[in-house]
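Quick one: the structure is below, and I'll ask about it shortly.
Chain lettering (A, B, C and D) follows the sequence in which the chains are written, and residue indices restart at 1 in each chain.
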Amino acid sequence: ADPKLAVIYDAGGKFDKSFNQSASEGAERFKKETKIGYMEVQVASDTQTEQVLRNLARKNVDLIAAIGFAQSQAVQNIAKEFPKTKFVLIDGVASGDNVSSVLFKEQEGSYLVGVAAAMATKTKKLGFIGGMDIPLIRAFVCGYAQGAKSVDPKIEITQNIVGSTSSSWNDPAKGAELARAQFERGVDVLFAAAGGSGMGSLQMAKEKGKLAIGVDSNQNALHPGTMLTSMVKRVDQAIYDSFMQVKNGTFKGGISNKGLKESGVDWALDKDNRSLITPEIEKRVNAAKQDILSGKVKVIDSREANKCPV
Amino acid sequence: MNNSDLPRWATALLLPLLNLLSALLVAALVIYLLGENPLESLSILINAAVLNPEGLGYTLFYASTFIFTGLSVSVAMQAGLFNIGSEGQMYLGGLGITLVVLALDASLPSWILIPLALVASAVFGAAWAYLPGYLQAKRGSHVVVTTIMFNFIAASLMNFIIVAYLIPAGQQNTASRIFADSSWLPKLNAVFPILGETPLNISFVLALLALVIYGIAVWRSAWGYQLRATGLNQHAAHYAGISITKTIVVAMLISGALAGLGAVNSLMGSTHYLNLNFPAGAGFIGIAIALMGRQHPIGILLSSILFGALIQGGFDLSLEKPNIPPETFIFIQGLIILFCGSMENLYAPALSACFKAKSTFTTRKSDV
Amino acid sequence: MFEDFHLASILVATIRNAPVLMFAALAGLFAERSGIVDLALEGKMLAAAFVSAAVAYATQNPWLGVLAGVGISVAVAMLQGFVSITQKGNQLVAGIALNIAISGLTFVLAQFFFAQGGRTPDLGQARLFDIVLPGSALVADIPFLGWFYTQFLGGHSALVYLAFALIPVVHWIIYHSSFGLRLRAVGENPHAADAAGVSVEATRFMAMLCAGVLCSFSGAYLSLVQSGFFLRDMSAGNGYLALTALVFGNWRPLHTALGCLMFGFFAALQVQIEGVTFPGVGKIPGSLIQMIPYVITVIVLAGLMAKSVAPKAIGLPFVKSR
Amino acid sequence: MHAAVEFQHISKRFGAVQANRDVSFAVAPGSIHGVIGENGAGKSTLMSILYGYYHADEGQLLIHGQAQKIRNSQQAIQLGIGMVHQHFMLVENMTVLDNVMLGSEGGFRLAPKRSLVEAKLREISQRYALDVDPLARIEDLSVGVQQRVEILKQIYRSANILILDEPTAVLTVQETASLFDVLRLFKAQGKTILLISHKLQEILDITDEVTVMRAGAVVGSLHTANTSKEELATLMVGRPIETHLPRAPYAPGATVLEVRDLQLRNQQQLSLLKDINFSIRAGEIVAIAGVSGNGQSELLEIISGMRLASAGSMHFLGKELPVAHRKDADGLPAEFRALGIAHVPEDRLRDGVIKNFSVMMNSFLGYQNQVKKRFGLLDFSSILKNCRALLTQFDVRPADPDLRIGLLSGGNQQKVVIAREIAAQPKLMLVGQPTRGVDIGTIETIHAQLLAMRDAGVAILLVSVELEEVRALADRILVISGGCITGELKAEEFDATRIGLLMGGLHKS
């Protein structure tokens, strides 16, 4: 029989234009190809996560995909309670043979877009807008800065965060305002990792004719002409893969840390930003990619180092 | 009051029921427009929130937190203060618990650790309410404004503390480490196995206890008398020798302490760690609960359970009916508050016309 | 460290930040001076933001969007009026209830119509764009004057000018018109106003009408000017902040507007403080910088301001009884 | 010729209370018609029905012979009816001018009309000798002047039928006299006046006819010329009124309160009280007479602990009371009360009661820490018992402890307050305007109780603007003017003219 599958989005919701959305795209692609459906749920609190995980496990769902680090603890608890159910956890780590924890080396992808940004800037001032001041976002900005400084150590990076409440991911007006302030201070390329708030930043870049870099999914198509590139994080692929593995009976637990090598992160180059990426930029970014793949360049993860070297 | 010529039971039961039905009617319309069957949806909701024992457990679990935040807002309201800061106070209360537990869970047994953590949550919550209370009493700075500000400040402060100090090294999750189980509150399913796997824990009992103490303290003690006198007429309170400053500060301290205790349920009873934004609006729901429950213990209890049921039932319903997004229940919550909390007289004229035909029974008692 | 602060850019940002609060606070001023606590600014703002964006998108005409926003916000205000004035219900409850209901409903509707997760599509050309003052090109390169004319005075959306123009207008209406006189009387002592032959209910409904109209611009500003689309809960607490400015300004138009500008200023300043290295302190973490505007508000409120005195009858339904 | 106003079978009930029952009487045009009755007799309710504030359950109103349905005050005003309410209907933080314009602004812009109205007000206040500054804020005006503002408003609107609900309750003799001059002028102009008052002498002095109400119903309409105080009083109360209450001979005991060099300055450093020196002994009633606004309210507040003085000292039974050397008066009244100082405040609605509390809950306001407790909680069964006893003893109507006190008529509220303070068995009793707005039957009760306290050896400080009351109660009279005590008289030296001069600050004894 077909496996029973489910996706649990975190508080950001299925349409967050970010990793939840990416997950849903992966599940959707699987459904299209295999005609096997899946359930989806959105939770509002950690207590609810545990509740819904247990409910699904009791209904003999074969694989539950839990999106977002906030679900880590709940997955760990329920995985222990239901050893027959399989789990895939995105962005977090939970122990158990039946859990596949998928982490991403956001710093590597950010490094690449940092290189691209540094090549594209004329003012030598780059911007970064994060949703909240949390380790995940710090890893983005840290990789971005390392990449930019590898091109030109004198490049300045102005960074702002949107806020410290959960509405920080839903405040496009503030995102736009931050972008505008950065442009006024001379920034001409910015990287927004702020969920819905980032949408405002990208929009502002378009309005001001500056360049912007999207995050998580490929956002180039949002504003062709001003979207320099996007740092894509292949949550969709991770979900698609694990669904496939369950279908084919090849699912294995454990922790995987997906970087460039594993195609977990990448930069986006497509028809929408083709005209903005000059051959030099493309060459330089691809070179950086090679260096990382070959191990010549090691991008530091601020989460492990507990601070950022640049 | 307009409905003074209605029998008491009609005012207390029939009117709220009619209002609740009206709210549900509007909600049913929306559900119908979303393409689902309202009756079927309602039965799923009720089943998930009340009839199914495990669901009921979750309903009461959510209600436990709401009772505390509802009480927090109510106490301040009795003194004429509109404390919008329960959210921030609860957040800080969570910090109090976490600091105590993280420091001591390896060394202390449950029977000391748990009370200590409870005290810490109250103390931290109260401390966060102290300054707004003091500024209101001494400087006349409007408590509505200062508590809103303190919510924002709490959010920033907690974000900083969690990220800088509490996340275990190398972890992604913006949360503290897991508390050792010496700090875990006993779950009620140990006594009532029928509840199944619900996080419902003894903080529900604590919440009920708090309701009783609140009721007695406010309506039966001299302190409560002074509190209410201050809230109703400060001139008369001053004439009566009540220290306005002290009453306001103490009311805010207690309000903050109750909000702080609101953190106990989820931190020590369910998740067992402190995470970013864990109050998730429970402090604000407390405002709605205090207003809807008329700051009366039974009112607070009933509206807390109603809100708990909506969250639990709504969540299950949106699982079963993908067409109904969970946000629909936020809308329904709003409708219920609107109809039950602020339109209590909607049907009073019609109803009293009905009753007038039957009897001339009248009451004209005060509301105290 | 001081070269890190760009005063010019802070000032311009202040002007841009303030209107959201200004419209809402002035809306609240009408409601509250008439004796109705307006906790539903947030809800009206959100409803207007959604409807403005949806209609602007559907018609590709931002002004129709603004108009529709006015319509919905007035409708909410009238509902609020019905509950608070006609039904004599608890005004605080009504306000909070409307906020909660609208927060849910806008998402559900946005999802229903656009299926983008409670978001409307990008408005593209249907946004309200900034106005370039005539002759901007000529003066653009003159030091100071160029900045002053093209960025400080010019280069804002029409709604920004409307916001600032409204301040003296509202002041005049409140203090120098018969409506303002009645409004203040009804909020201060409705029994006296009633005895003088003023209809308390009609005056309060008029006040709610004004509140509805003004508040809608706040929402339109959020979605049509600042973001270019609607996003769930995008009012992000601004309604409450506007209320704060109103209390802060002691329910007077000029002071209230000043309060809004202050919030706008500190928000702008805060953006610039991020990443600045302070002597002795170093870089302040972003999460702590977020609290600056709020800490300053508390300090100002506690230290400088006289007691704010609300209109006496605020929050009390007008009941003819002892 | 038609009656200006005719009430026909008017009935009105509030819940269980029948406020008006089948009221019928007519008011001749161009006359002054008195309406009297005990507290709660339904006078204000009847007038409010005429002014469109309440709607009668039954019956109808004829204005100049025409049946009228008056649904609200706008319609009443259109019919030429004006009303000066028992509690002033003024917006406190606005100017006199704005209050007068409110409701009849005449145009959206205030400015053009504002200057016209201002000129007109100056002219009116000249012509009627009302002496009101149109640009003054209401909250800065004394009650007497506020009363004049109300009159001014009606003159400005040229009301034809003027209702005055206890206009003289807060006025001094002089103020009352000048008000009556205005009313006579009105009458001469052909206006019709309905006047409610508890002061029978005034009714006899100025009205042409008088209607007496009891328990919501009319018990008689008489020509003033053919009646007497005694007849009216008996009609009103249903029994004859004793005007000369028995009292024991004056034999004061030890000094209870000693006030030395008390000073009070406000924030602008203006002197409100200067060099106040006096003492009160056990078993005597000392009255402070004076035109209101001359510092007697502040003095009472200081002695009760509600306010601090700037300098000076007070000794209570030899013990020094905190007066000036303290941060604020927050909580101080409790300390004073615990020593045995009881206080009937001047403004009962603001200070004396909590409107939303029941009568029972108000029956121990101020004594919340002294009342009986069980297990640390308020013992409501004993409180209720005491409350019932008080209600019976002071004849509070209705004697329902559960009723919200705001629903009682003013006189009955006052009885609750006085009962509460007397029940505390104080050594010193401070009494401010104890019979303001209270009917003669109740005045008799209150006076009798105060005298009984005096005879039992309690020291009583009475502040009253009512010279009649001062004469009836005081053993010694201190006259206050401009914050200074300008003279002292013994009871047997009572001389209204001399006191009047002292109140004007003309004599120094």
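By our rule, a contact is a pair of C-beta atoms (placed from the backbone, for glycine too) under 8 Å apart; a residue touches a chain by one contact, two chains touch by 3 or more.
Given the structure is predicted, the values throughout are model-derived calculations rather than measurements.
> For chain A and chain D, which third chains touch each of them?
B, C
> Looking at every pair of chains, which has the largest contact count?
Looking at every pair of chains, the most contacts join B-C.
> Return the chain whose centre of C-alpha atoms lies at maximal distance from the corresponding centre of chain A.
So the chain farthest away from chain A turns out to be D.
> Determine the centre-to-centre distance between chain C and chain D, using the mean Cα coordinates as centres, and give it in whole Å.
Taking the average C-alpha coordinate of chain C and of chain D, the gap between them is 46 Å.
> Using mean C-alpha positions as chain centres, tell me how far chain B is from chain C in Å, no decimals.
Those two chain centres are 29 Å apart.
> When the C-alpha atoms of chain A and chain C are each averaged to a single point, how far apart are the two points in Å?
Taking the mean C-alpha position of each chain, the two centres sit 34 Å apart.
> Quick check: what residues of chain C touch more than one other chain, meaning two or more?
Only 118, 232, 237, 285, 287, 290-291 qualify.
> Considering chain B alone, which of its residues make contact with at least two other chains?
152, 155-156, 159-160, 163
> In chain D, which residues are in touch with two or more of the other chains?
Expected reply: 355, 407.
> Using the contact rule from the top, write out all pairs of chains that touch.
Result for touching pairs of chains: A-B, A-C, B-C, B-D, C-D.
> Residue numbers of chain B touching chain C in their complex, please.
Answer in residue numbers: 2, 30, 34, 82, 84, 131, 135, 139-142, 144-146, 148-150, 152-153, 155-157, 159-160, 163-164, 287-288, 291-292, 325, 327-335, 337-338, 341-346.
> Once bound in the complex, which stretches of chain B touch chain A?
On the chain B side, the touching residues are 58, 61, 152, 155-156, 158-160, 163, 167, 169-175, 178, 197, 199, 266, 270-273, 275-278, 280, 311, 315, 318-319, 322, 326.
> Considering only the defined contacts, which chain B positions touch chain D in the complex?
By the definition above, chain B touches chain D via 4-5, 216, 220-222, 225-226, 228-229, 232-233, 235-246, 362-368.
> Which bits of chain C are touching chain A when the two form their complex?
Touch residues, chain C against chain A: 6, 9, 12-13, 16-17, 20, 116-119, 122, 222, 226-229, 231-234, 236-237, 267-268, 271-272, 274-275, 285-287, 290-291.
> Inside the complex, what are the residues of chain C that reach chain D?
176-182, 184-185, 188-189, 191-199, 312, 320-322
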